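Multiple structures follow.
Look at the two complexes coming up: subunit A is in both, with subunit B in one and subunit C in the other.
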Partner chain A sequence: MKKGFITKLYPLTKAMFVGCMLIIGLVSDWRVGYLVVLPLCLLFAIIDGVAKPFIIKVFGALVVFVVFIFAFKIFLDKSASPIVFQYAFITIRQQGILDALNQTSILTILASAIILFFETTDVEEFMISLQQINMSHMISYVILSTLQMIPEMFKKSKIIMQAQQARGIETEGNLWLRTKAFFPSLGPLIISSIADLEERAITLEVRGFSADVKKTSYKEINKTPYDRTIFWSLIAATAAYIGWRIFTWLF
Partner chain B sequence: MAILELRDVSFKYQLGKETVLENINLSIEKGEFVACIGRNGAGKTTLCSIMRGLIPNFQNGTMTGDVFLNGQNMKELSLGEIAQKVGFVFQNPFIQVSGIKKTVFEEIAYGLENLGVPRDEMIERTNAIITQLKIEYLRDKHPMQLSGGQSQRVALASVLVMDPEILIIDEPTSQLDPQGTEEVFETIHILKQRHKTIILVEHKIDLVSEYADRVILIDQKHILLDGPTSEILTDISLLDHGVSLPQVALLALRVEEETGKKLDRIPSVIEDAVIEFSKLV
Partner chain C sequence: MSKKNISTMAILLIPIGIAINVVGGQIALVLKLPIFIDVIGTILVGALCGPFFGGITGLATNLILGITAPTWIPYAIVNIAIGVVAGLCAKKGWFSTIKGAIITSVLIWLITQITANPVTVLVYGGITGSGSSFITSFLLATGQGLWSSVISTALITETVDKFVSVFIVFAILKSIPKRTIAKFPLGEDYLKA
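And now, the complex of A and B:
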């Protein structure tokens, strides 16, 4: 796979980008989330050739929350702000829209920055970078294995469903049928996953996981001068932005 | 001094009604190749887990007695120290996968990462073991997408690469075809030539008779037979404990029965059988 500019960056540089975007989002109104961070993340995704999965995942992650928050804010708004739209009993006011935009903007920032991060970062490289700043290898293993086990659990869930199908249980059809088939599969899925966890703990032990030595890594990842520049620029820019926000609030 | 010694070891699983093993005494010398045989459920895997220190550290139950590794009580050793000295290949290869690596090469190298082996040496040792086990074609495959036989070879490679003094191998060929089985045994044989201590659980008696120095039979919670391979694997009482004799031993018994002539000894390997049968001609 060809690596784009963002993908090549040191994982902690990208993690710093996510952190800075979140901090900026917290001290800003909706315009920063929707008009700056989201387009910026999309631009980076396009540059790195991951625009399609980025758009699909951001849309998938946000659509339900955004629709619900908009519905609640718009329909429950009792302010006296100007009416934007009115039809029958539906009245949409400016304040309702602004509240909804403000509340969903942080979600938008969170989803777009984190999805961009994982689309352009190898999880194992992220864990290695965390270990390089002396994070416990146990914590990094837990994070890494959790992220990598999720697709395995989906596979296992499919196998359980197929096993149920083989025994004559209806697993396909309308939503009700699918739901009826899905819930009974959760029991075996959870129990087998817990059993797998126990076995994996033993496996790790056999592979020297608890050996009291400094761990090494086959994969080599290093910071480049670009990373250092970007890392400190992000911190400086965020600090400057917060300073400016405080200044504008005070005066 | 024995490299591994069990003194009066008994074990009962937490949810089990009875003890699985009772008063086990076993002493294994450095460089010995010991095969552990017995019917299913006899306690072979439990014995392996005890020798590796997984019991009582990871599996709940009541254990009495002591296990000594190089003369030192295992209770005094850290898990990391045991991991460096005793390798363990599981019966089920799919659980031996770390779950965090994306290629077989990285999976095999994972144990070396944990032991803090420098990268250059890690690559060298991983490549060597891949070549030795003839699994170059699996090198870039995802460890979660292997067949049973492929997983078994990768599991074996993952432990061998750590170069432990003692290697406990629990049915390493259960999912392999005859050729793969033969290759695994050849690898084990090479390890024996390098003076590694090997403890093998295996049902394929013909291969055990060919390669092992010593055989122990576990049944009814105890070690019932313990001795040189040629002696144990020609003992007809094995059949009463759910274990078959090697094909050549069965053939020899049949020849004795059919011809009415007694052989000097019942052979357990083909070479001995040739000698014994030629005396009859």
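And now, the complex of A and C:
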């Protein structure tokens, strides 16, 4: 797999980017979110060749919220600002649109930055980089294990539901019947997973899971020459921006 | 088992709790049930391992869901609160009796309302992204303010599934083999019942 420039960057550098974008977004209005962060993330996605999944995911994440929030803000807009559009009983004023843009800006930043991050970063590498700054390996275990377990449990649940159906549990019909099917579908799933736990705990303990020593890693990730510059520039730029915002707010 | 191993069991339970949160919601969907069950795992971990692990399960669920749907991350605070409350109730032994389970349901329902509604209004401007937003917009159109519309919607949609979730956990706790349940931090409380 050919790796784009952004993908080759060290995970923590990219995480710093996400963090900085969020901080900047919290102190800015809609223009930063929509006119700076979103296009910037899109640009990075294009550079790395992940533009299509990026666009689909961001759109999917935001469309419901944006549509509803715009509708709400327009409904609630009782200001006297200029009318932008009028049709029958629908009156759209400038203030309503501005409110909606400001409200959705932080969600847009959240969605674009994080989706970009996970499109260009392997979760495993992210965990390794966190461990390198002394995050507990138990946290990375929990996260990686969950990501593996969710599809596994989902398959298990389908098997259990079919098994229960073979034993006469109705999964279709009126609401009461379907409700009765819920616990027999979920119960065995949970109980069998918990029963497996003990064995898993022993296996991990044998491998020194809770021993308080630094763990080595099979996979190695390296910093590119640009990581340091990018990392510190991000911090500097964010600090400068916040300083500027405070300055303009005070005077 | 030593204390260290009990913690390992608790840590291993977290991924299961998170997976249950995710899959439980899917099962409810497959069965076309009108409930939004996504905290069973959090409550279960809280009941078995205490408020700390319950809270972590809640947080981790939203962070992991956030990988594919970052727009849900702000709701993490609700999940965390539920996990903590469940753990505290379990420590008081309320998951062992029906009366206790009812008290727990009410408390969890209460904390959900207290944490979720502010997030819905402040971060999402009143939207929850699910069908309940239609109810909210209807209430808004009838002239109610944003806060009261959101709270009213939440009272209607978010009440039933919290009670159902607690009782499902209650039933599961009774079904786990005693041998296994003893290995969790709060396990011994359930052996007495």
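Criterion: the second predicted complex is superposed on the first by the 183 of 251 C-alpha atoms of A that agree within 3 Å, B and C clash if a C-alpha of one lies under 4 Å from a C-alpha of the other, contacts with A are read in each partner's own complex, and residues count from 1 in each chain.
Here is the rule we go by: a residue touches a chain if its C-beta (ideal position, glycine included) is under 8 Å from a C-beta of that chain, and two chains touch if they have at least 3 such contacts.
All figures in this text were calculated on a predicted structure; none of them were measured in a lab.
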Contacts of A:Ile6 with subunit B and subunit C, given as first, second, both or neither: neither
Touched partner set for A:Ser210, first subunit B, second subunit C, both or neither: both
Partner chain(s) touched by A:Glu199 [first = subunit B, second = subunit C, both, neither]: first
Which superposed partner A:Glu124 touches (first subunit B, second subunit C, both, neither): first
Which superposed partner A:Tyr218 touches (first subunit B, second subunit C, both, neither): first
First (subunit B), second (subunit C), both or neither touched by A:Met149: both
Touching partner for A:Tyr141 - first (subunit B), second (subunit C), both, neither: both
First (subunit B), second (subunit C), both or neither touched by A:Ala111: second
Broader residue contact with subunit A after superposition on the shared chain, subunit B or subunit C: C
First, second, both or neither for A:Ile74, with subunit B first and subunit C second: neither
Subunit B and subunit C footprints on subunit A, overlapping residues: 141, 145, 149, 152, 198, 200-201, 204-205, 209-210
Interfacial residue positions of subunit A with respect to subunit C in the complex: 57, 61-62, 64-65, 68-69, 71-73, 75-76, 100, 103-104, 106-107, 110-111, 113-115, 118, 123, 138, 141-143, 145-147, 149-150, 152-154, 157, 161, 171, 175, 178-179, 181-183, 185-187, 189-191, 193-195, 197-198, 200-201, 204-205, 209-210
Of all residues in subunit C, those that touch subunit A in their complex: 4-5, 7-9, 11-16, 18-20, 22-24, 26-28, 30-34, 40, 44, 60, 63-64, 66-71, 73, 123-127, 129, 133, 136-137, 140-141, 146, 168, 171-172, 175-177, 180, 183
In the complex, subunit A residues that touch subunit B: 124, 141, 144-145, 148-149, 152, 196, 198-220
Subunit B to subunit A touching residues, read off their complex: 52, 54, 57-59, 78-81, 83-84, 87-88, 90, 95-102, 105-106, 109-119, 122-123, 126, 144, 158-159, 162
